[in-house]
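Two complexes follow with chain A in common, the first pairing it with chain B and the second with chain C.
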Partner chain A sequence: MKRHRRRRTLAPYLFLAPSLLCVSLFVLLPFLDAVRRSFYSAMSGQFVGLQNYRTVLHNAAFRLAVGNTLRFTLLCIPVLVALALLLALLLQAAKDERGVYKTTFLAPLAIPVASIVLLWKVAFHQNGMLNSLLSHFGVQPVDWLQTDWAFLVLVLSYLWKNTGYDMVLWLSGLQNISPALYEAAQVDGANARQRFFKITLPCLLPELFTISVLSLLNSFKVFREAYLIGGDYPHDSIYLLQHLFSNWFTSLDVDKMCAAATLVALAVLLLIFAMQAAWGRKENR
Partner chain B sequence: MKKWLLRLGLFLLALVVWLPLWLLLTGALMGKGELLHNLSPVLGEGKGFASWPLLPQFPTLRPLVELLLDTPKFFVMFWNSCAMVAPILLLQVLIGAPAAWALARYRFRGRDTVYFLYIVLMLMPFQVTMVSSYLVLDRLGLMDTLWAIILPGAFSTFPVFLMHRFFAAIPEGVLEAAALDGAGGLRSFLFIGVPLGAPGILCAVVLGFLEYWNAIEQPMTFLKERSLWPLSLYLPSITAERAGASLAASLVMLVPALLIFRFGQRYLEEGISAYGMKE
Partner chain C sequence: MKNKTSTKLLAALLGLSLLLGGCGEKAKPAPNETEGGETPTAMGRYIEEELPLPHNEAWISHTMQLLPDDRIQCIGEGEDGVLRSYVLSGESWQEQDVGALSTAYQQSGEEDKYVSALSGTPDEGYLMIVHMYSDEMDENGEPLDRYVTLQVAPDGTVTEIPIDYRRKWEGVYDPTNPNMPIYPSAIRRGEDGDIYVGAAYKGIFRYSPQGELKTVFPGDGGAFVLSGGELGQFNSEDGELVLFDTESGEEKSRIATDGLFSSVSGSGGLLLRDGQGDIYRADRDGIYRLGKDTTLWEQMVLGEMCSLGLPSLSVSGFVRLSDGSFVVRLWSADSTERYVRYVYSADTPSRPDTRLSVYSLEDNSNARQAAIQLQLKNPQVYVEFRTLLEADSSMTTSDAIRALNTELLAGKGPDVLILDGLPIDSYIEKGVLLDLEELLGERIKNGEFLENVVGTYRRDGKLFAVPTRLGFPAVWGEPETVSHAGSLSALADYAEQNPDKRMLDHLSPEALLRDFYLTCAPAWLTESGQLDEERFAQFLTDIKRLSDTATGEDREVRMNYAGGGVQTLSSSPFGMVAGEFELMVDLMQSNHNVMLNAGVVQHRLGGELPQGGALREIFAPMPGQGGGTVFQPLSIVGINAASGQLEAAKEYVGALLSQECQEPDSYYGYPVNRAALRAWTKNVLSSVQSFSTSNGSYPEVVIYWPEERVLSMVADALEQANTPSSYNDTLMQMVVEETAGFFEGSMSAGEAAKALSARTQAYLAE
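What follows is the complex of A and B.
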């Protein structure tokens, strides 16, 4: 009996050991080391306190990048979440063709950015297809990728590729609404609009927060779309934090990078705590 | 009347997805001459606007055949992509599945801490761990090798989280019955956990494949040597004169991703909605 017990307590640690060991050695400890380094000078190895953070926060490129990143997330995420909800509702209403359209809207998620680069270039170039189309309406050609318009193209490309992801999240939220609610409403004579505003939306409200935070966290992967549009030298309007990191990496500004990585990690951690708090509230209800 | 509007709306929205895919296909089937003629305003000195016909005038498989038969460089890139993605997925499952099992089916000291840590790490963007990964890889002398991509990818905690969700959903009764029959911890995992949690493992594999087949940041940061670059990084940097080869290569790169998507769509959807499920 005693032997059995001991094995029972040891087993989970054995299962977990390879993963936890690798994660600690490769990810966790190195990151803690990076946090430590953010307080030291990379050149002299001396403790410099918050000096690196001051340098980063006053850096013009950092400010540009943070500004653009915030502008992107504040504009893109609400549209993404709303558009995904619209798609989910449309899918729910379309009974027969639901499968085809669901597959369709999810497909861009699987399309590697690299395979559409040339197509995007031909579409948005100064002499490209979009301008060719607009010229019929007397619009002057615009270089979409190398002017302020690049920001808009980035937002649209991001929406194109990622709306399907949020759509799936909304669909599973819609599925969790009990059909009995709708039946009861129908008996009470509620019309479609009333059912939507009195049942569907309130029931989806708890999902809204989770989906928004997840979309926000996912939006850090926008670098791929930005690379699709701007390559290594993007227009100033789409110069994002991710570009800044890879530039600093090229010049091996280790102390600056450590400080900036710590700042980004703190921001992400705040978001995670916010999400956790919301989950906790949902459970207590 | 309303139904009609709904259908039109869905169709128009779907067109936004279908059109680029269709153009990619026709583009890869355009002959060299036709392609250059159509795209020269963008790629070279041509005047006027570029055009991309919905149907090629003279469809031909030549660009594809040339790419597959006479372009050894393409095979290197394709191989790099495979040599990166396959070990990552394999290691993710081999290391991650037991960890997910431990987190899902055992109560032990430190469990909640580890679980929270894994969630935090999984949500951290690449840029946060970029410097620290570099410092480790550099010390191990792994920079500029495929291992620089494989190892950080293999230790991602996202697959652990995903598989954990599915392992946790296995009914307790099944495991109790196995324990009564004398199955130990390892046997329960291998003969009950793995088969019953297989959808979770597949979710991790499908999402992992799409993620790493499309990897740009990691190889860009850790691979200076161009001969090691995967397709996902090489294709965007291809020069304009080789547009024909680029389009054919785009198609070849797209096909595995779409196939995995087509056959793994169910797992992709389940994997995405796993986030929504509460503990």
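What follows is the complex of A and C.
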């Protein structure tokens, strides 16, 4: 029995081995090396203990980047999750045209980032389409990309690009809820609001965890748009952690970069664990 | 059960195959490898030998060719304007009489003249084109120079061939301007008795012995080969060698060069064809051979390892001897020449054992010059010069720096770095660069170099990087105006007091920000890297005062940062001569800058520059905000502390700073070597340059090489330079963006300074 159980648990690992090997080689080991480098000086290799961490935490640029990244994450993820859920619910109701709407909302994912940035520049440049439209209403032109408005443009870009993806994940979750639950609730006299809050939302909690984690990870990819719009040093409002890491690498501040990366990774990991504890699927023991 | 077993087996096999796939039996040695895995050294290389000069006097060569008896003949003229011929026999030159050729040249015309093209031998006779200069212009502003084509027969008979070169040819290949007349630069007699004339950027023109045009072979002209009923010349648009049938004029074939040559246009590079029909090309890239009826170019001599690659020299003569060796004449812009021979040595390794890698962000002629000079003195060293940003590459500067940093972190970086555009302060802070104090400290103390310049990157008594050249921002103009250009504020005051005078050529806010950034930034950027808001606000105010003096359609307020790290610091010579503005601004990097600016001011002053001490009043350092004299460090060199070739790297740095390397004018920076700087002041050439507009909107401006006193004046000012300043594209972009509101009137200078301070916080805090 024991041998049989051991054989059953061995098979998945054998299948996982090749992927695990690649992930270890290209992700895990480099990350561990980055953690190691965070305790040493960049070029001389001298052990400096926590000095790099102290330098990073006192660095004004790091604080600015962390603040912007946090602000972006805290604003975008709830909005994105809620908006995607709303759209999924609407699509769930529209049985006939669902395919068309799904394609429409997923289309932004397929557009290359460079093309998107080109569109944003045409739309939001000081001489762009939006200012041209607003001038008809007597509004003074605004430099959308070089002022605090740049943050809003970035949020808009992120929402526009990722709503479809989250919507599809919500849809999948919605379709996994057994209709029998709704029927039983209806029989018991529950109205639509009650069914939503008592059945739909609780059943979607595991999906909420997955979608939140994926949205969090996707939020870091918005750096591409920010970089293409503003270069190495964009407006302060869209100066993100990746800008800082990229610039630190250019100036060979690899020690600070590794320390900051370690701190960020720890923070993200803790957040994911917290979300899993709150919303994750409870495994049968 | 069986399925589960087979599933497990499959999984195990998959995992094992991935784990073990990379291992295998030891690879069999490649054909040129030994069993021990070592590759034997490839042997055989052309070695350069210096040949004596044919003469000891000032001399202009017109042609170098191979005589039927395998001797080399050079024909040129001395300062007396008499043509002479020298023939190389063995290791020495013998003067030979050219008889009727010299007489024909003397009698060709009374005007100032020059031999534009010459070919032939004493036995076959000569063909010569004489360029007669003229001061008159045609309706398009083109000078009415004329060309006289002469044929000198072996018996001395001189015949003029009536070829009209000024006729404009429709449809002739010209990537720059199809309406320009042709300027002949090569002439040859074909096997068919016809005359072939080459004109750069136009093509080859075939004339009958009577001067009647028979065929046009479109192409780059300049250099061409002609034998066996075939004519070959380059086409720079496609980068191909095109072979024509001389009889029909039709293209026979095209041979691609696949980017082998850095340039195939105009007169860059010379071609020759040997008796077997092989074609050879000599240029800065080296000597290459194209076998008859083949399409592959074979490298015979690598330019970057010999004098061919020296940026200060260009190929002006090229022959191949019957023993397979090559003789090349190299010409320098200061009209000196060298003759070198390349002889094949089968016992010499094709590549030296010691390899020194030199990296530069962009191409740097000073660094290349030093690389070749080091190799010539040390044949056992091969200097691999690499440019991080290639010409056609889409890589950005940041990408290139990151790629370099990756190599440095892996311990595989280059031995020597040309640090222009690289994060020097970061490299110094991280210990990437070697301390050069021991290497150069004594020489600096002895006054061999401009101490203020070479000591720019000295930190705590250690010298980590050394600028080997410098740029000097300056203004030129009439004494009255220059006297008020002591500072930016003083210039703005003077501009406001004289509203009828336009101070500078470019008066838009962005142009002014760029022009004055170099000289003013040291005042408002503190040593700790913070912005002095008060001084920056003053800077903005003065810039606005200057900009506001522009009137009418010249007034441009809107800022639109174009990026690219381009500094303006240029002025139109036409506008200055015409009195449209008062001051020329320029970043002085070469005596050619002096020629332009002094020549233009000379025109402005009615044709004469002031004498004695008054000369100094037409020239001044570009106004700034501080008390120092600003210079721009250029060609900054550093040695990678982790280099495995430290001795060779130190020799390279020594070569870069040597008088020999610093004396040639590379157009990219004045020398920091004092002896070389003083030699520059003695380098009085006979250069003449003229500027004219295509639509004749301004009269032609002709300027001459400046006198020694003018060159000395500039050199004296350079020696006083004491404040380094470099362009920072990132900071420049922030300045332009954050001050746009101020120039548009929506914020005060103080507010703009605060905005910039806030904007630069992240950048400076990093």
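Criterion: the second predicted complex is superposed on the first by the 224 of 285 C-alpha atoms of A that agree within 3 Å, B and C clash if a C-alpha of one lies under 4 Å from a C-alpha of the other, contacts with A are read in each partner's own complex, and residues count from 1 in each chain.
Definition applied: contacts are C-beta pairs under 8 Å (C-beta built on N, C-alpha and C of every residue); 3 or more make two chains touch, one makes a residue touch a chain.
Everything quoted here is computed from the prediction, not taken from an experiment.
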Which of chain B and chain C A:I116 touches, first, second, both or neither: first
Partner chain in contact with A:F15 - chain B first, chain C second, else both or neither: both
Chain B versus chain C as contact partner of A:L87, first or second or both or neither: first
Touching partner for A:W144 - first (chain B), second (chain C), both, neither: neither
Contacts of A:V254 with chain B and chain C, given as first, second, both or neither: both
Which of chain B and chain C A:A42 touches, first, second, both or neither: second
Which superposed partner A:T104 touches (first chain B, second chain C, both, neither): first
Chain B versus chain C as contact partner of A:S246, first or second or both or neither: both
Chain B versus chain C as contact partner of A:Y158, first or second or both or neither: neither
Contact residues common to both interfaces of chain A (with chain B and with chain C): 7, 11, 14-15, 18, 231, 246, 249, 254
In the complex with chain A, residue positions of chain C that touch it: 4, 7-8, 11-12, 14-15, 18-19, 398, 401-402, 405, 408-409, 423, 426-427, 430-432, 730, 733-734, 737, 758-759, 761-763, 765-766
Chain B - residues contacting chain A, complex: 6-7, 9-10, 13-14, 16-18, 20-21, 23-24, 27, 39, 41-42, 46, 48-52, 95-96, 98-99, 101-103, 105-106, 108, 111, 114, 117-121, 123-136, 151-152, 154-155, 157, 160, 184-186, 189, 210, 213-214, 216-217, 220-221, 231-238, 243, 246-247, 250-251, 253-254, 257-258, 260-262, 265, 268-269, 272-273, 275-276, 278-279
Touch list for chain A against partner chain B, complex: 7-9, 11-16, 18-20, 22-23, 25-28, 30-31, 33-34, 87, 90-91, 93-94, 97, 100-101, 103-119, 121-122, 125, 127-129, 131-132, 135, 160, 165, 168-169, 171-173, 207, 210-211, 214, 217, 220-221, 223-224, 227-228, 231, 241-242, 245-246, 249, 254, 257-258, 261, 264-265, 268-269, 271-272, 279, 282-283
Footprint of chain C on chain A - complex, ascending: 7, 10-11, 14-15, 17-18, 21, 41-44, 59-61, 64-65, 146, 231-233, 235-236, 239, 244, 246-254
